């Protein structure tokens, strides 16, 4: 129910995408691939409503994404190159905040467990390793009651186990009727029903 | 000629490495692997002399790394999780600064070309995509007249072509008698003569 | 024509004002008129004010700087309001051209503010015995208005994407508009050296006719001069903003031919 | 709504307390400025009394500007701001909660400390309630103005310094009414006039400020 | 050695000019502080003259502190500092170059502007050379002190404000000698005494400061 119609995205002086249209239905995953600088991040930011397209529309259930009311906006969850965690809070503190702000699921313990972050739950985020931070960011994503996941290279810095967890979660999410658009440089490690090559 | 003798590295309350010893000779590449949080970054920072080990020694040509005189120190080049580029300078400006500061090779054009960053040479770094930035950081590394490369997940955010370039450069570097210690989560994409599993 | 309801005619006019080529041509056509009219008015007003009008019974001839001071002071404030309104329109309706207007007004407004400050200072010496009085509210807020103009320009220049610069600095322009009424009422709210309202006040202007008329003429002349400068700058700004569009390239081709 | 407000408030307060230095320093800044000043000026009583109010207000203004400089920067740099923008609450509300959190760790202690400093500037004891009232009404406005400045410059590296340029012109009225109130209080005269004006400014800025700030944050990070 | 110094100097100057607003704003900050102050205080000439010097020095101090806050923070956050630490030059030299670069974009314009402000505070014309000389000797010390503070706080999020806490007490002597020199100059008396002291402080801080700063940076990033 994410509908993209003849989208055109510019960055500075150059046109990155022209006339991109696709429709993402419940249960589908779109894998966005393309060389460095081809516009994956720019596209995902437009889909999230963080940036405006030059032309064309991106609609979520019929409404333009940057016009969504706050309640509906929370059906979309975005995870960019940056993790969006607070360095000064503990791992658990970050998850708690996400849960309270997004009015999310109460599954912090289970998520910490699956991510193997239990031993670090009381450690400040800035003392975590790069991969541990990325895991935590994925944990925050998982807490949100969102139906559409927009993920920008979620596998960065993850080890094999971490990749495995992400794969399971993604299957779970789409299996329950969720949608996902994921950019990645390792398309072999994720499965998608829709391939968007930039 | 990097000699590591019974190294012990702590981070906060926990011991990450105990009694690690190895020797890296000219022409060799050490691949450092291990799950998230196993201490790859910590080890590389110790090897570079940025952090002090709890016990044991790391020596470069017989001198402890954090005691190296500035001239010898420049034989070691380190690239961490962060790119170490100035956002406000152009791609070319960053390379030029690295060349001047390190008294490095005069190969900016060739490097920009190999990295396919020629079209972006005059673009400020903060307007580059994540992968383009990582490429540029690798370009800076390549300019330095260093014999030992310490690379922390150099392939992050790179596309296939970028990975290819890195592979070639690494072969080139070790082929010419250089040394390298590289941490990675994708050991399949790099070849090493020494495997260090944490 | 008469069948078109007024609402939609207004709407069409508004729409046309959003079209760069239309405004470019409009500004090109208006500029010569504004230029000549302002020259004439300024010449007449200057002659009348500086030669014909009688000297002030209190201040002698030094009062004649009023013919520069008051118009530039009014224009500094009017300019700010114009800038803020244009910026607001640009922000709300995403109209790039309105941002262009705000951008053009800013330096003009800053110059007129500076002129008001300088002429006020010069005038202050003979009347108040000092060029500048720290702590006089009108003077301070006029200075702050200059800082606001400068702040707007500095903020714009610190962004390197024009779109973002437009939209972010528009917000600053809008917030800063509170300064304008403060400047106007400062002489009533605080006891100041500066004299109270003379022209815009209840019960009509408190100034003799033979001083008032040349002042009004100068006021009109200055305003038209401002408009002329604005048209000129706006044309340049439009070309810069639209340099990648077909009509500008056609224009350049015509000019070359 | 209310629980989202409280949730952001709690987060920002917790962050502030994690970095207790951040909490203490605007204050100490305020104290040091206000106490270095008499050192630099000649410390004679009559003169100190007459400039005291101005120095107090200037340093209150500067320390609140400094405290708020990082209000959005940290969030913007680590990507949290994007998450807050996309969250299920109106951004204006989030911004308001952040401002309130910041005010309660930077403004409130200032209210407590100001009387002490005022006494050291030889202001009469009877003037203190007036001074505190004026500060209590003025600091919210200052916080909101600083927040607007912080939002406008959030994507600029030079934010810290440019904010001063953008916002100080707007703080003029607050500063004038504030010192006026302090002086009236020192003379023992009624000071309802300037206090009303300060209150009006506070209402205006607290109601409109967050909306403008939210727009600025959103635009700057676009 | 020399070319590495110049190379860092060039880099930092270029970074400053890329963000020319960063260059202009400490200055404008300085002007605004110094011009808002009389608005808050009662603007009578005799009093302005007597507090003028103090206000000038306070605002010079604050604007140079603000300008230097980010001296190492930006480099530390994007990972460049690690590269500079591991580079082929003694870190003290690198730090010195960075301080010089910053001083020449924040201190020098201040020297140019101060006389103008001094005149508007009714300082006599003959006092200006003394004022400029004092500022020229004092600003390097202030820059070095600010750099030490910036280095000590580089790994803390709240650097911006804690820097004031750490550094302001140390600036006491500079401030005292500086205003003393200005006052002497205003009275037309010989001011060699405070100038010598300022010069001694400058020599001391420029020779020892960079080494201390380098050590602080290295430890902070360990």
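A, B, C, D and E are the chain letters, set down in written order, and residue numbers restart from 1 in every chain.
Methods note: contacts are C-beta pairs under 8 Å (C-beta built on N, C-alpha and C of every residue); 3 or more make two chains touch, one makes a residue touch a chain.
Just so it is clear, the structure is predicted and the values come from calculations on it, not from any experiment.
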Topological distance between chain C and chain D, in contact steps: 1
Farthest chain (mean CA position) relative to chain B: C
Most extensive contact between chains (C-beta pair count): D-E
Chain A and chain C, separation of their C-alpha mean positions in angstrom: 48
Distance from the mean Cα position of chain E to that of chain B, given in whole angstrom: 37
Where chain A and chain B are represented by their mean Cα positions, the distance between them in whole Å: 29
Interchain centroid distance [CA atoms averaged], chain A/chain E, Å: 45
Per-residue overlap in chain B, given as positions that touch at least 2 other chains: 81, 87-88
Residues of chain D engaged with two or more neighbouring chains: 19, 156-158, 162, 165, 168-169, 172, 176, 222
Of all residues in chain C, the ones touching two or more other chains: 137, 140, 147, 150, 154-155, 158
Parts of chain B lying in touch with chain E, wherever the complex brings them together: 48-52, 70-71, 73-74, 76-78, 80-89, 93, 97-98, 100-103, 140
Contact set on chain D toward chain A in their complex: 3-4, 7-8, 11, 14-15, 18-19, 78-80, 82-90, 221-222
Partner chain B, residues of chain A touching it in the complex: 11-12, 34-37, 41, 81, 120, 123, 127-132, 134-135, 153, 156-162, 185-186
Touching residues (chain side chain C, partner chain D) in the complex: 91, 137, 140-141, 144-145, 147-148, 150-151, 154-155, 158-159, 164, 167-169, 171-172, 174-176, 178-179, 182, 190
Residue ranges of chain D in contact with chain C within the complex: 148, 152-153, 155-156, 158, 162, 165-166, 168-170, 172-173, 176, 212, 215-216, 219-220, 222
